[in-house]
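Heads up, the next two complexes both have subunit A, just with different partners, subunit B and then subunit C.
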Partner chain A sequence: MATATPDTPLSRGVGKLTGGWLGFVGAMLVLVAVGAYAYSREVSEGMILTGMRDVGTMGGATWGLYISFVVYFVGVSFAGITTAAVIRIFNLNRLRPLARMAEVVTVVSLVLAALAIIADLGQPLRGIVNLFRYARPQSPFFGTFTLVVAGYLWASVVYLWLTSRSDAAVLARQPTRLQWLHRLVAAGYRDTPAERERHSRATFWLAIAILPMLVIAHSTLGFVFGLQVGRPGWYSALQAPAFVVLAGVSGIGALIVLAAIVRKMIGREVGLDMYVFGWLGRVLLVLLLAYAYFMVTELLTATYAGGARERAVTRAMLWGDYSWVFWSSVALLAVPLVALMVQALTRRWTVAWLVASGIAVNLGAIGKRYLITVPSQTHGTLLPYVEGSYAPTWIELAVVGGLLALGALLIGMYMKVLPIVELEEEEVHA
Partner chain B sequence: MRRALTIGMIVAGVTLMGVSYFGLTAPWGVSSVANSDPRIPFAPAIFVVGVMLAFGSALVYEMLPDRFDRK
Partner chain C sequence: MTRYAMAIDLDRCQGCRACMEACKVENNTTESVFWMYVFRLESGEYPDTKVSFLPRPCQHCDDAPCVKVCPVGARFKRDDGLVLTDYDRCIGCRYCELACPYGVNYFNWAKPQTRQYLDYDHPDIAAATGGFVPPYKNPDHDRLYGEEQRRTSGGGHMKGVVEKCTFCVHRIDKGLQPACVATCPVGALVFGDLDDERSGVATMVHDRTHFRLLEEAGTRPSVLYFGGAPPSTESREIETVKARI
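Moving on to the complex of A and B:
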């Protein structure tokens, strides 16, 4: 019988550092460093280095790429924790391999959302302190930043930790270099029947509590735009529900891509079979159909009998300055919709098409978040200002690129420290 | 002990959320700028503490050592 050594590989590729993985980490670190440098320039020289300018008087937009990505990151987090919670509440065992990676995606994207908010603030420290000092519950910002960033992130971290403990306890039995860390995460978990029972009950109720909170939290982020009566293009009852549905689209798309990467790295025998991908594909298809309905409804309302400023914003999106973003986003959402529909009707799901769809819908979602955020500021002013413009500078692009790289890095590092796919019952009880 | 502590944390968390949201932050139904500050400073932070306390109860429920149950 072989004896475990500090170099013994652990389940699910934990602790196994390949050349490819190290190259990936190196590349991501370079991007993070470029982002950090760009942010340091922004902090030291001021927001003038960004493309953001005052609305109206300076013909610009005060919310640009950063806020577009805040909305995008929060959206991705929605599908992650929803998938994880639904799997646990309804005991969907065949989908269990998705649960852990969905939880990780949620935590990482919420961290990125919080960092993107900080990047958007000219005085980050003042912003954070004043938020906790003066925030008004009547404002949707209160719900967004207290529920999303504080409550939701905290609840997701608690949930991820509790669900990771049993796996960490199993890994901690082996004398590897990571044993200290696995013991730390396991925090005394010994996998007794009483502990298993408690764990099952705690995660079940936590999942139940998280679901309504995340719908409220995500809706309030939609309300940040949808309740602004003085901003044509934003003021709409559909903002909150459409926000939640597009959040589901981008999150499920991201989950498909991550699941395919994990399947490639650690093999399909961990349960990431075509049933799992087919399920994700069907959910993505339904969400895309729902979003297409919202989009058509909103466009019809704005163009059929909208006010003059409402029509100006819509015109800028459909035929003006933002038309390339709009039509690209529509194509990036419509092509996957058709591809998924064909796969669903023929009942032949292919991972390559699903991954392509996952990437495309995420690019489309980023475009849609940009269109929700920017055009209403440059073309939707009710006062008689000339039409404005906004283009992100390299500083903003580098910061956002750095954040995306940081997210990929955090997920990549998690995979080498703890199993990104839960251990099977027999592995835990071996 | 475990159950009592968990329920206590949930109740305390929800109470803090309710009291800070409706009683300590800026008054509801008053639109004047003079009433836009919270009634006590950092009332929103109390709300956040309430949220964290309520969800943190899951940690206590699951991680409190067994000996606390026997007492």
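Moving on to the complex of A and C:
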């Protein structure tokens, strides 16, 4: 077990800038710059540069890749803070190495979701002001902005800070270049037993408060779609719960990938053992099964009993313009489902398979988010408009790519300033 | 109280689309934007095909889904029944477009000046127009209207906001008919106050049966259709406009 003494480097790779890490930062910065350039073009010339167009006579989809990714990012955030809160509430000590990175994933993906919403607005600056100034609780968007972006992001940031604080206090004891930052994050915390007790209680109650909040917050994002009677394919009571379940799938998948990267970078002795990965694999399996159930229910209702317009959307998705997205998403979710089931039954988990599953379910989740957003607009008009089409342009792809790179960059930078895996008792008292 | 409504007589409509043209001229809407749109529909199999026409302005619903979903209250309903967009407040999220079952909303995807039908930057045209794009803009569209005193009239104002049919709020304000109604050569469109018994709309409601579009959506539109029949799932659109930009 690595112990932190004044003459050894900070544990968990904090402050250690390797060539690989710098290369990663450089690559991500390039992607972010490309995205920023694309967005600046979009702002100056208008959203005509995107592939989105009006629903109806113009035969387009007015929400496209951006909103698909808003939904996806908010989804990813779900698993992070849930995992952290569950670990805290039920004292799952062997899973504690996961808690910190889960919190980071939540905060980062919520920031990306907020930025993706801004990217989708025709008047972004006005949006930032008016969304607060003229907020209307009657709009399903209100939940997205207040609960998800404001309340939930804020609660997650506080939670992340409260839990990072003690580690920062420990790191601040050592005279390094980052000492000022660690002192700032610790903010007077000295890790006395009384302080630790108070923190433990605060995080416990915050975790309790976050759990119901995030089910509600995620449901409101489902309601953005599910409450629209004018859009066949959207109007469904299943929209909100299915959203929450797929959110869990993508978030746990992302967490598996991050945990594997961290394990590779700072070693498995920090507690990222097969027990942790096995637990993640089982949770992912259960969520995938639940989602498969939702999907079958939804498809059966739409194909067996759906109205004509409802069926047109489903047909476009199953056999028409969107079939390649649909069937590849199904494959990207079904193959991991089978792989995880085999691993669960044989009780032999392999990190490589888990990472492959984690990546696959995330791609599948992106595909499903796209299918929730787009087909109902191009093929789900209630008046007899001609069928529409939508394909993202390079502007949209560059902005989304830039956001993904920004997320990776933020996580990578966090790892170098604060421990991505919490310090253990013996390290704290070294 | 005033309760504005539009009556559309499908037995009279001949699908000439003059209303669409009048609307565009009156409201400065840009290329491929049709606040008023006339479906030319066909149903049945050859040789038993039927052609019908269906004008589609904004339905100015009493329970408007677009008003419900607008996160900033830019889309609002006036007491007299008009559903309007305050383009000074709209943030361009386009949620109204998706909530609307009728597809009447149009977003300004680019600067309206760059989406004119005529290339006003062309040297020959610029010489004639004095370089202004567009060369004439109705000053009525910049005024404030209604009790709320908000800028709601006309189109082609700025990029990144949603605009739609206003029932020509600036003309109603002067006691005029909406442009589409005033233009219709066969009197298929009638506009008036439902609460005024002598109005054309009230008389039609009294004398004849009518239907409203997509009544099952529960939106309670202020546009009433007389004669003809609602479009069915058999209806196919023919002779579409050049609508994709």
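In this text, the second predicted complex is superposed on the first by the 422 of 430 C-alpha atoms of A that agree within 3 Å, B and C clash if a C-alpha of one lies under 4 Å from a C-alpha of the other, contacts with A are read in each partner's own complex, and residues count from 1 in each chain.
Assume contacts are C-beta pairs under 8 Å (C-beta built on N, C-alpha and C of every residue); 3 or more make two chains touch, one makes a residue touch a chain.
Remember, it's a predicted structure, so these values are computed and weren't measured experimentally.
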item	value
Subunit B versus subunit C as contact partner of A:Gly127, first or second or both or neither	second
Which superposed partner A:Gly59 touches (first subunit B, second subunit C, both, neither)	second
Which of subunit B and subunit C A:Lys16 touches, first, second, both or neither	neither
First, second, both or neither for A:Arg282, with subunit B first and subunit C second	neither
Touching partner for A:Ala135 - first (subunit B), second (subunit C), both, neither	both
Residues of subunit A touched, compared between subunit B and subunit C (which is higher)	C
Doubly contacted residues of subunit A, that is, touched by subunit B and again by subunit C	131, 133-136, 138, 142
Contact footprint of subunit C on subunit A as seen in their complex	45-48, 52-60, 62-63, 120-124, 126-127, 130-131, 133-136, 138-142, 145, 224, 228-231, 308-309, 377, 381-386
In the complex, subunit B residues that touch subunit A	21-22, 25-26, 28, 36-38, 41-42, 44-45, 47-48, 51-52, 54-56, 58-59, 61-63, 65-66
Interfacial residue positions of subunit C with respect to subunit A in the complex	32-34, 37, 39, 41, 54, 56, 65, 68-74, 89-95, 97-111, 115, 159-162, 213-214, 217-219, 231, 233, 235-237, 240-241, 243-245
In the complex, subunit A residues that touch subunit B	131-138, 142, 146-147, 150-151, 154-155, 158-159, 161-162, 165, 187-188, 194-195, 198-199, 201-203, 205-206, 209
